[in-house]
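Here's the structure we're looking at; comments come further down.
Per-chain residue numbering starts at 1, and chain names A, B, C and D are given in the order in which the chains are listed.
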Amino acid sequence: MTQDFSSDNIASIAPEILAAIAQANAGTAHSYGDDEWTHRLTRLAQDVFECDLAIYPVATGTAANALALAAMTPAHGGVYCHQTAHIEKDECGAPEFFTGGAKLLALPGAGGKITVAGIAPLFGEAMARGIHQVRPSAISISQATEWGTVYARDEIAALAEFGRGKLLHLHMDGARFANALVYQNCTPAQATWQAGVDVLSFGATKNGALAAEAVVFFDLDLAAEFEYRRKRAGQLLSKMRFFSAQLVAYLENELWLRHAAHANRLAQRLAEGLLALGVALTQPVQANEIFPVFPEPLIAALLAEGFGFYRWPPPEGVAGSVVRLVTSWNQTLADVDGMLAAVARNLRAAA
Amino acid sequence: MTQDFSSDNIASIAPEILAAIAQANAGTAHSYGDDEWTHRLTRLAQDVFECDLAIYPVATGTAANALALAAMTPAHGGVYCHQTAHIEKDECGAPEFFTGGAKLLALPGAGGKITVAGIAPLFGEAMARGIHQVRPSAISISQATEWGTVYARDEIAALAEFGRGKLLHLHMDGARFANALVYQNCTPAQATWQAGVDVLSFGATKNGALAAEAVVFFDLDLAAEFEYRRKRAGQLLSKMRFFSAQLVAYLENELWLRHAAHANRLAQRLAEGLLALGVALTQPVQANEIFPVFPEPLIAALLAEGFGFYRWPPPEGVAGSVVRLVTSWNQTLADVDGMLAAVARNLRAAA
Amino acid sequence: MTQDFSSDNIASIAPEILAAIAQANAGTAHSYGDDEWTHRLTRLAQDVFECDLAIYPVATGTAANALALAAMTPAHGGVYCHQTAHIEKDECGAPEFFTGGAKLLALPGAGGKITVAGIAPLFGEAMARGIHQVRPSAISISQATEWGTVYARDEIAALAEFGRGKLLHLHMDGARFANALVYQNCTPAQATWQAGVDVLSFGATKNGALAAEAVVFFDLDLAAEFEYRRKRAGQLLSKMRFFSAQLVAYLENELWLRHAAHANRLAQRLAEGLLALGVALTQPVQANEIFPVFPEPLIAALLAEGFGFYRWPPPEGVAGSVVRLVTSWNQTLADVDGMLAAVARNLRAAA
Amino acid sequence: MTQDFSSDNIASIAPEILAAIAQANAGTAHSYGDDEWTHRLTRLAQDVFECDLAIYPVATGTAANALALAAMTPAHGGVYCHQTAHIEKDECGAPEFFTGGAKLLALPGAGGKITVAGIAPLFGEAMARGIHQVRPSAISISQATEWGTVYARDEIAALAEFGRGKLLHLHMDGARFANALVYQNCTPAQATWQAGVDVLSFGATKNGALAAEAVVFFDLDLAAEFEYRRKRAGQLLSKMRFFSAQLVAYLENELWLRHAAHANRLAQRLAEGLLALGVALTQPVQANEIFPVFPEPLIAALLAEGFGFYRWPPPEGVAGSVVRLVTSWNQTLADVDGMLAAVARNLRAAA
C-alpha cells in the first residue's frame, strides 16, 4: 500500500517488464541495437501505430524530448510550447543544449494547452521581424499536459494544420501518452500522425518500465541521421536489447493501455471523491493527475500522516494552495480510498 | 557456449546484478537519486576508493566520458588524448558536443598510451601561440587502453604531475577499469586519485551490468553543479534506484574484480595459446583484449565457423591483418579453448 | 537634414572617429590587439572608469552581450532579464548560442526595468526546485532600457546586492550607456562598478562609431581566458587598431558624452513638443528614445511624408498605436522641429 | 619602408578602401544590410563570379570560415581539412563552436594540400563504422594553402567530384583567395563554382581592407536561413554599409587583383633572391608566402636588425629552422630588396 501520490516515476517496474529483461538476458546479443528485441520493437511499433515509422529507444524522457526537438529545429530556431511544459520548466535547459541553443518560445494557455490563437500572432510577429529573433521551427505539445488535461484530436490537428507550409513541425511530448490515449479512446494512429504529429516522445518509464523512452518519427525525413544524434548524445545504449525488451513488453498484450487505464480510473475515483468532499479541482481530470485546492491545515495533516505529494504553482485566477496528486499503475483502489478517507477525516476535524 | 569475441558489451547481465534490480523493485522510491540505493552507492564507492568522492550514475560510457570532460574543460579548451581513444574515435563527437565545442588534441603513442614526452612539446607550443588555438585543459587516458594495455601507476602519476599548476586536469576513461585494476594488482585508490586522477569514468556495463556507468569525482571542486550538467544532458535517470542498485551489486562482494580477473585470465590463456600456435600478438596482453595478426585465410575460416570478432587497424609498423578478440566475464575456458582449437585446426589445414 | 527617427544605428560615422581610423592607418601594426591604439584604449578606459579593468573590443553589440554573458554563466545557467531586453528579443538566440545553451529567464517590469521584487520569488523557486531547472547565474539589465528609461544607481545597486553571495553576477547591456550616463549625471564609475556592475557591454556604434563595441570587465576574475572566448567567437579583429582607434576617439575629449547629451536634448525637445501637441507618451523620456501614442492617420501621414520610425508593441495597459522615435548624435534641432511641425500639421488636418 | 614580413594582416587600409568608407559616410542609411552598398556588393559579386550567388559580409575570417562550415555540416558531422589548415590550427575551436560540435578531420598532405587519395580511405572507414564516429559532411581547402601553395583547378574539381553524391560539400577558405587566383590565371568562376566549390570564405582584410570578409554561397540551398546564423553569431553589422563599401571598393577596378599580383610578385622576387643566395625553400612559392630554411645565426641577425617574421614548424622531412615570410600589397620592391640584402650580408658574414 502506498500513500505516495507525488509522481508516477516513484513506482516500481511492472513484473511483465522485469520478466522481459530477464528473458532477454540469454546469451550474447549484438550491441547498439542490432539485436532481435530492437528489430521486434520496430515491427511492433509499426503495428501499433499502423504506419511506417522509426523508433529509437533512449534512457530518459528529457533525452527523448531534447533529441526529438534537435531533429526538428535548427540551432537558430524556436519552439512554441506551453509555459508549464516539461521542456520549458523541468529539463534544466536540455532542449537548448541538444538543439545547440534554439529558443523555447513559451506561451500561456488554459489547461496547459497551447492553441493556434495563441501562436498565430507570435508567429506573425516573428516572421515580420525576421532575423532579429529566432526562426520558429516547431510546436511542442505535452500529451497529457502538465495540468493533466488531454488535447482533443482536433486541437492537435489545428496546430499541425497551422504549421503546414510554415516549416513548423509538430512534436508531442508523450511522457504520459498512454494515459492520454486511453482518455481519448481512439487508436494510437489517430492520436498521433493522423492528427499531424511529426515526432513523438514515447514514454514508458512512468507507466511501468525500468527506464525506457523512445523517439518515434512519423515523418521519416526528420529521422535522417538521427542515429548519429543519439550516439553523440550518449543515448545509444550498448546493451540495447534490455531497453527494447522493456518497450516490447510494454506494448505487447496492451500492457501500456491496461496500466494507463488503471491509473486514469484511480484518478477519476480520487477526483470524484474529492469533489464529493467539497474540494475544488483546478483542472478537469482527464489522465492520471489531479490538481485540487487544499486548505493549508489539510496539507499539513496529510503530510504528517505520511502522504506524499507536491505543492503546485496555482493556475492564473486560483486562490488557495494547489497540490498535485498523481496516480499510477501500481497503486490500488485502497490507496486512493485511503487518501480520500484521510482527506475526509481531516476536513471534518477542521470543520 | 559463445564463439563471439567481438566485444564485452555483447555479454548478458550478471545474475547478481539482475537480482539487485529485482530486489530494488519493492514498492515506491523517491525518484532522481534521492533513494537508499543511491545513497548506499556513494558510501560504498567512498569505501572502495578510500576517500571522499562524488559518484553520479549515468546510462552510457559515452555520456560518462563526455560529461566528465565537460566538467573539466571550458568550451574553449582542449583535451589531450590518444589517437585511438574512445572519446576520439568512437563517440561520434560526444565530447565536442557536451563540452560546447572543446577540441580533442589526439596524439600517437605506443601501446595506445600517451606520455608526458608526447604532450609536453604540444603544450609548450599551444601556450606559446596563445589564443589562436584552444587552451589545453585536460588529459584523458583510457585504462585499460584501446589496445588492451594498462598504464602503470607511475605513468599516470607522471601525467598528473605534468598537469599540476598548468590547469590541466587528469581524466581516466575507465570503461574497462576493473580489468586494468586487476592487472595492476593495487588498490582502487592507488590506481586513481593517489596517482593523480581527478575524474574517473567508471564502467560496469562491459563487465556485467545492464547499463550502469558512473562519473566519479575525486576532485570535488570539479563536481560543483555537476548535477545540473547531468540533468540537462538527459542523464538523470528518474528511477535512479535501478541504476544505483546495479553499481552496488557490482562493487559489493568484489563482483567487479572477480569478473575482471576471470576475463583477464581468459585473455591470458588465449594469448598464450595463440603464441604457442605461432600467432604474433601486436600488443602485450594486460587486460581482456588481444590483438593478434591473423592470416587472411584464418580470418575467413573462423568467421565461416561462426566465430565473432572485428578486424582492427594495424598499429604502425605491423604488416598483415590484425583482429581484436575480447574476452568477458561470462565466457568460459571452453570458449577460449574452442577458439584456440579452431585456430590450430585452420592453421594446420593451411600449412 | 534627416527625417529618419527609426534608429540610432542608421547614423553615419562621426568625423572625429573616421579621422582616428585614418590616423591609425599609418604603416604596419601588430595584429590582434598588440598595437599602440589598443594599449592606449585600455589605459584610457581605466582612466574614464577610475579603476583597474579589462576592455575587449568586438564588432557588434550582440557579440558583446553574448560574450559577456558566456563569461558570466555556465551552459546550465540562467540569466534574468526583462521581457523586452535586446538579448531576449533582438539577438536571434545569440546569448543561448554563445553560452552553450543557457536560458534567458525573462520577466516583466514597468518601464523596461527588472527589480529585486520581480527576481526574488523566481530565484527562490529555482533554488528550491534545484536541478530540474537551470541555475540562475546572472542578471542582465539594459542601460538605457529598451523603453528609453534609465536605471537609477540605487536600482542597480539593489540588484547587485541581491545577487551577492548567490552566484548571480550583474551584467549591463550598455548599447546606449552614454545616453543613460548623461541622464544620470554621475561618473562612469558611479554608474557601473560602484553600483555593483560586474561586466558592461559598452556600445559606441549607435553613438558615432563605424563599428565598435567592447566588453568591459570590472570583475577581473570573470575575464580569465576571455581572449580565448573572443577568438573562437570570430570576434578577434586582425587589424584591431582600427577598432581600438574608434573607441579611443570616442572616449577622448568626451566625444561620447557630447554626442549623447545632444541626442538626449533632442529627445527632450521632441517629447516636450509632442506633449504640447497633446500626444501621449507611454514612457518617461530619459535617454534618446520616445514612445508616443500616434493616431493611425498620423502614422500614415508621417510615413507618406517620408519620416522614418517603427511601430512598437504597446506596453501593458496602453491602447492605441505606439511608435518609437530615436534621436541621435547627428540629428539637428531642425530635424526635430521638422518632425514636430509635421505632427502638428497632420493633427490639425485631422481635427 | 617596412621590414616586417610577419603577416599580411599587419598592413594598413588601402587608400581606395578608406575612401570608399568615407564616401559611404554620407547621411543615414538603413541598418543591417538593407542599404545601397550592400545591394551593390551582391550585384558586383555576381558579376565578378559570373553566376547567381549570395554574399554575406562578416567582420573576420574566422567568422567567415566557421559560419560557412556551420551551414555545410550538421553538429554530428565532420569536416576533412589539412592538418595545417587555419580552421584546425588557428581559430581556437571556432568551427567546433559555430557548428555545435562538429569535428575537424585533419589529415596530412604535401604542400598543405589534401587529396582524394588521402580522404577516400578515411571516408570509407567512417561510413563503414557508421554512427560511432561523426558523419563526414564537408571538405575544406585553403586557397592559397597555409604553405603558400595553390590548388590547381583539377585538384579542386577532383575533391568536388569525390564529394558528389556523398553529402560532402566543398568549402574553400579564401583568406588569400586573390593571391591564389592571380597565380592560377583564370577567372573567379573557374577558380570556384566551376571547379565545384559550394561555399567560399572570401577574404579582403589581408589584402587591403580594414575588416571585411564575406561568406559566398554558390550553392544557394546551403544559404537558406544563413542570415539567422549570421545574426546569432554576432556578425550582423548594424552599419553594414561600411563593410559592404570596403568589399565594393575591393572588387571594383580590380583592386583586389592588382594588390594580390603585387604581393605575389614581391614573393617571387624574394624567393628568387633567396635561392640565388643559396637559401633553400621548403615549398614552391605560388602566392605571397615563402618558407625558407634559415640558419639560426641568420635568424638572430635579421631579428636584431629589426626584420619581422615568424618561425614555422618545419614540414616533414625538413631539417633546419624554417621561417615564414609574407609579402603584402603595401610593401615595395625596396622592402624585398632590403630583406635580400640583409640576408646576403649576414650569410656572407657567417661564411
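The definition used in the following text is that a contact is a pair of C-beta atoms (placed from the backbone, for glycine too) under 8 Å apart; a residue touches a chain by one contact, two chains touch by 3 or more.
Keep in mind the model is a prediction, meaning the values are calculated, not measured.
For chain D, the chain whose average C-alpha position is most distant is A. For the copy pair chain C and chain D, the superposing rotation over Cα atoms measures out at 180 degrees to the nearest 5. Once the centre of each chain is set as its mean CA position, chain A and chain B turn out to be 35 Å apart.
Chain centres here are Cα averages; for chain B and chain D they lie 41 Å apart.
Chain centres here are Cα means. That of chain B falls 50 Å from that of chain C. Residue numbers of chain A whose C-beta contacts span two or more other chains: 32, 75-76, 91-93, 97, 100-101, 131-132, 134, 228, 231-232, 236. Residues of chain C touching chain D in their complex: 2, 4, 7, 9-13, 18, 21-22, 25-32, 58-64, 66-67, 91-94, 97-98, 205-206, 210-211, 228, 231-239, 242-243, 330.
Looking at the complex, you find that chain C touches chain A at residues 75-76, 78, 89-93, 96-97, 99-104, 125, 131-134, 313.
Across the interface of their complex, chain A is touched by residues 74-76, 100-101, 130-132, 134-135, 225, 227-232, 236 of chain D.
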